[in-house]
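What follows is a pair of complexes built around subunit A, which joins subunit B in one and subunit C in the other.
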Partner chain A sequence: MTEFEAFADMQPSLSPALSPAQISPRANLAGWLYVSPLVLVLVPFFVAPILVVLAASFFATDGFGGLTPGFTLASYVEVLHSALTLKLYLATIKFTVVTWIFTLIIGFFVAYFLVFHVRNQLLAIGLFLLCTVPFWTSNIIRMISWIPLLGKEGLINQALLGLGVIRQPLEVLLFSDLAVVIAYVHQLTIFMIVPIFNSMARIDKKLIEAAIDAGASRFDIMRLIVVPMSKSGIALGTIFVVSIVMGDFFVVKVMSGGGSASVVSAFYEDVGVLQYPSAAASAVLLTLVLVAIVSLILRTVDIRQEITR
Partner chain B sequence: MKSDRGDIELAGVCKSFDGVTNVVDGVNLKIADGAYCCFIGPSGCGKTTILRMIAGHEDPTAGEIVIGGQNVVGLAPVQRRTAMMFQSYALFPHLTVRDNIAFALRVRGMSKADRLRAADAMIEKVRLTQFADRLPAQLSGGQQQRVALARAAITEPRVLLLDEPLSALDEQLRVQMRQELRRMQQELGITFIHVTHTQLEAIALADLVVVMEQGRIKQAGAARDVYAHPHDRYVAEFMGGQNVLSGRVEKVNGSTFTLAQAAPDGIEVPLQARSTVSVGDKIDIAVRRDDVALVRPGRELPPGCTTLLPSRVLAIEYQGYFVKVMLDTVPDDAFVAYVPEKTFFADPFTVGDVVMATWATGSALPLA
Partner chain C sequence: MLDRDKGTSTANPVGTSDKPAKKLSRRTLLKGAAAVAGAAAGSDAIRGFPTIWAQEIKDIELRHVGVSYSVVKAIGDQAAKDLGFKVTMQNLDTSAAINRFISQPNTVDIADLEGWQAKLAAKRGVIQGIEVKKVKEFDNILPIFTKGEIDGHKIPRQGISPYEAMYIAKPDSTDLNDGVTEWATFLPQVYNADSIGYRPDLVGHEVTEWKDLIDPKFKGKAAILDVPAIGIMDAALCFESAGLIKYGNKGNMTKEEIDFTCNKLIELKKQGQFRATWTTFDQSVQLMAAGEVVIQSMWSPAVAAVRVKEIPCVYAPVNIKNGKEGYRGWCNGMGLMKHLSGKKLDAAYEYLNWYLSGWQGGFVARYGYYSPVPSTAKKFLTPAEWAFWYEGQPAPEVVNDPYGVPMEKSGTKRDGGSFLDRVKNISCWNTLMDEAAYMNKRWNDFKVA
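Here is the complex of A and B:
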């Protein structure tokens, strides 16, 4: 055996996962202590409400808000048989996909610019903070602020009229699907920027240099190095954006002027008319759909490995 | 037609990052085609900057870099036909060994079948076939190093630039990979430029050793020249293996001169190339540590020795085939004798012993 074969045989030992039996009881206790604050918050404020909703979805109702404990699938049958459910899901998924595409493109390039083009780190941090400026005010105020910009008498219409580009003010700008998407993109792009920025910032600049050395063009570098290595950031951002849009009813309601609805807005109305079990069933269904989507996204990247890297 | 020659000429190359201080300060150097050249110097001496300028990752502030007869300043690395092997390798962590090695071919638009065939041939050359589908993180340091080498070599560059290629490895592997580098260089028949701060690495590998200090070349030459005939105190001390002594010239007598020192009769030094020595000059001389012989007072001197420096043994280190004896011969500088093991143990000294340090007069070397 040559010396090269000899050390080719040496395999780096990848630390094997510890089985629970190998962890001493003491370390085990310490582990539980570490997670206890999170458990104390999550159990009463997350797990318990979800269980209540789950239980309520199987209860019967007298139609006036009164619940009869029991086990019936009537609410699920009703929700799943309603043509409205499918329509709402399609509408919501349409908003989700369009918003996702725009936030991804904008978020990716903003992060790319901040990481690879802004040499001065202080400036990068400053620009990064600038992205958070819209969040210095409440969501409601942000929604209202669109009116003077996008409304019939708004800045954009006035400007276009003034320039003679249009004769009639554009109605589509406000209280429309377009307005909903604009509001979503504005609100959610930061959720893409942050995780993508985070994973991009960890790309060793030497890798870019090595790629240039190999003759890669700017586009090659983006396609073959930056995008694959930002995958986990993109996945995290996607989870944020998708779950927020899928779970939203407020932006849709306000920005569409009541013209569009979402899955959540439908069961929000159910709650309004005291149809708790069917609202609960819709909520459970949406949760399942989201869990499915998120687990699909997580299949594409090893977030856990990424975060601990 | 592009030249395939990988000879390099640096002419007045300067580099300044802040516009005030030159990190590389007027470097002139010729490197022959197919040579193995080592740049050596302490960190911050500008050696890596020179490498990066040859590679095209940094532009010189002034001067020309000529590869194969063509000035390459301003050209991209691909146009220069250089390839760089980065310190800590910079392997693409999300690509397998095969894809890492095939990367340069991929961005050059070679078809998948062709580039994978070429990559597999290269993988075989660096003996990584069984690891072709692994990710870099699943490889040992030495294996990663060979992936980096293969990745750089696959484009058939005319110059391969290596930035401290062995520094991330442990001692044993370093010696092994050192041979591997030399073997690859001979196999590929291209110019290698290797940056290191390890003297042993440089003299073991290089046809041309370039010693640098603060952006300037102190001495460039064959490994043996630089080691055995250092130009000045800096090179002698940096390359090691030499005792450097300084003193005033007491008298010049024909082919030798005498240096005033602690020695009863001064130190006799051959003039050699240094012809302009006059009485009163303060000069440095170097004496190889393995040329120094130690004799007990009153014993007969070995033939050819005229200088005799009384010393006390400060410390003794056993080094295997020789014994390192540290002496207080000269007040300000370290003075060390490398005594062959068998000679030493025939009549071993202990710390505190008084001995006479001596050497054949011809082996003392005046420094610039």
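Here is the complex of A and C:
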């Protein structure tokens, strides 16, 4: 979805440079051929389902899974008027922001280390691939493997108890917001590392040398050169992390021990009791919120321009 | 043991020799079952297809879809072996299952339904009535299901009892029929009574009341089931037990009752009563086995699974007292999807008949669930297993689980006593309330609080 929106958003920036009239019919056809594989995937598997969801959100229901075609805003009124919706968004946004901060800091410095501190390029690529090793197994396994580590009788508590640092096992380690954030950061940091690494790798090292020669401090180099030139990577990573966290319900459910909820988990429960229209309305609302966030990010950083730089 | 080659000529011993039992007492039940066991030695339990059909049915495939604890691959494999056609078992969680039955009815042949799902499936017109006459063991199904009573004890109708969801007036009716008819929505196949599991070593006293789950003594060490429709009933049992409220019908609460229950849950959550909530069997086992909780609402086989790890765990016998307490009962049955017809429908009836013929009943008994036709299940259990699982007696020898792994030492007694002690103490049934949408919203308030 994110790529799609990124793509959709790039279109306007393309058109001012080349108005449709200037493009020859042949080039136009070639253009369509280029995008056809993507269109063939996106239309049946993304556009069509979302239209179905959109339609369902306006239908009425008999409460037993029966949908009455029609047009009513009742589901939206209900979703938007509910204090629950606000609480769910606050909870989800809290997880998103905290996860974003940690993945950004860790991802940025890992990428920085790989690009600027590892002299041997082969070694850098090797280390980079090493970062992906945990991803050779499934998301769910990576998440669940935290449980025996963080539990009341888990390794960390055992170790701390053994060292005499604590007398009672720390309960906050598992089935808590902390546990949720740990799992997210573990799962998603790679989505920051990859694009940031990619954009940093293209920074000309001579630029840095010149800055050093001109007397810039390390902090200045970071602030005035590295960060601005990694902007596109940061923005892409942010889009990945934000959209994944906001669209998740499984990590929240398992790692919070069911003690917390998210926007998606709430409408998943709606589907469970066959309340399709209100689930659909919540889904549409979430899509709109995500579109708004992503376009805000794209407005701040012109990814297309940065990439072709 | 299942000798299909004998074909249809042999009269079914169960149907004829053992005409039970308008009022089925435990004695007649056992006597009948014993007679059946004797008769079965020399005859078959299953009719099997006439040989002319044998070629044609090979290509038939039945897709039996439902939750993992009810739709079990080993059972489907055995059915395929005995019946000669293909049986595919597919597992989904409760909510995914009902959504599939309703939105893609043609991808399912046999829907595994709980009582409330049978009600919904009938309402949506995705199932067809089961002709009771074609079910050979129908008269031997315990009257809990077919008549809503057992031993003269009326089965409570809080929630949606299997009896309540059992009948429709005509094969294509969409509304349930109150009272016995010739057409069933679903055929009960497995059921049990849920209560609380606890660590006797850490709780320190015998638990027989739901209110122990919300006792501040167990703050941060308790857990509750997070499937809104049934979790709220466990909560209701706790609050009723503690004398905080008296429900009109726990299985179909009013908005005020839902508000009270959820507000109370939120209050308890804020006080830190719950260490976690759980949604799957495995999670509940993990919580208990890893020492995260000492008391939680729990399913009987999950308690057994904790015990297999040599961690003491007891399934609380919450017998009804003073109009409070009691188990939360559930029952899964098989529904025939509307699109079944012709040979496939015949095969589906064969399959239903096979299910009630005992092999499956014996299999599920070994992890603590019950068969609606104990008389046939008994033939597939050793006397020791029967004594332990159904009669609540101390196990005369080591009891194995369905896959042959030793599970209980000789001399252990099943928690909650005999089969009849348990089912007579069911006080409410899994359900979908009329106010389900509202309840769900309030449950999410609890989750996000």
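Assume the second predicted complex is superposed on the first by the 292 of 309 C-alpha atoms of A that agree within 3 Å, B and C clash if a C-alpha of one lies under 4 Å from a C-alpha of the other, contacts with A are read in each partner's own complex, and residues count from 1 in each chain.
Here is the rule we use: a contact is a pair of C-beta atoms (placed from the backbone, for glycine too) under 8 Å apart; a residue touches a chain by one contact, two chains touch by 3 or more.
This is a predicted model, so every value here is computed, not measured.
Engineer: Between subunit B (first) and subunit C (second), which, if any, makes contact with A:147: first, second, both or neither?
Structural biologist: A:147: touches subunit C, not subunit B.
Engineer: Would you sort A:216 into first (subunit B), second (subunit C), both or neither based on which partner it touches?
Structural biologist: first
Engineer: Touching A:50 in the superposition: subunit B (first), subunit C (second), both, neither?
Structural biologist: After superposing on A, A:50 lies clear of both subunit B and subunit C.
Engineer: Between subunit B (first) and subunit C (second), which does A:229 come into contact with in this model arrangement: first, second, both, or neither?
Structural biologist: Only subunit B; A:229 stays clear of subunit C.
Engineer: Please work out whether A:272 is in contact with subunit B alone, subunit C alone, both, or neither, and reply first, second, both or neither.
Structural biologist: Second partner only, subunit C.
Engineer: With the two complexes superposed on chain A, say which partner A:27 touches: subunit B (first), subunit C (second), both, or neither.
Structural biologist: After superposition on chain A, A:27 lies in contact with neither partner.
Engineer: More residues of subunit A are touched by which partner: subunit B or subunit C?
Structural biologist: Higher number of touched subunit A residues: C.
Engineer: Using the touch definition from the top, say if A:166 reaches subunit B (first), subunit C (second), both or neither.
Structural biologist: neither
Engineer: Which parts of subunit A are in contact with subunit B and also with subunit C?
Structural biologist: In the superposed arrangement, which is not itself an observed complex, subunit A uses no residue for both subunit B and subunit C.
Engineer: Applying the document's contact rule, which stretches of subunit A touch subunit B when the two form their complex?
Structural biologist: 3-5, 7-8, 10-12, 14, 204, 206-207, 209-217, 220, 224-225, 228-229
Engineer: Okay, in this complex, where on subunit C does subunit A touch?
Structural biologist: 94-95, 98-99, 102, 120, 123-124, 220, 223, 226, 228-229, 269, 274-279, 283, 286-287, 290-292, 432, 434, 436-437, 439-441, 443-445, 447-449
Engineer: Report the residues of subunit B in contact with subunit A in the complex, numbered from low to high.
Structural biologist: Against subunit A, the touching part of subunit B is residues 55-57, 76-78, 82-84, 86, 88, 90-94, 103-104, 106-108, 127-128, 130-131, 138-140, 142-143, 151-152, 155, 173, 176, 180.
Engineer: Touching subunit C in the complex: which residues of subunit A?
Structural biologist: 63-66, 82, 84, 87-88, 91, 147-148, 151-154, 171, 174-175, 253-254, 257-261, 265-266, 268-275, 278
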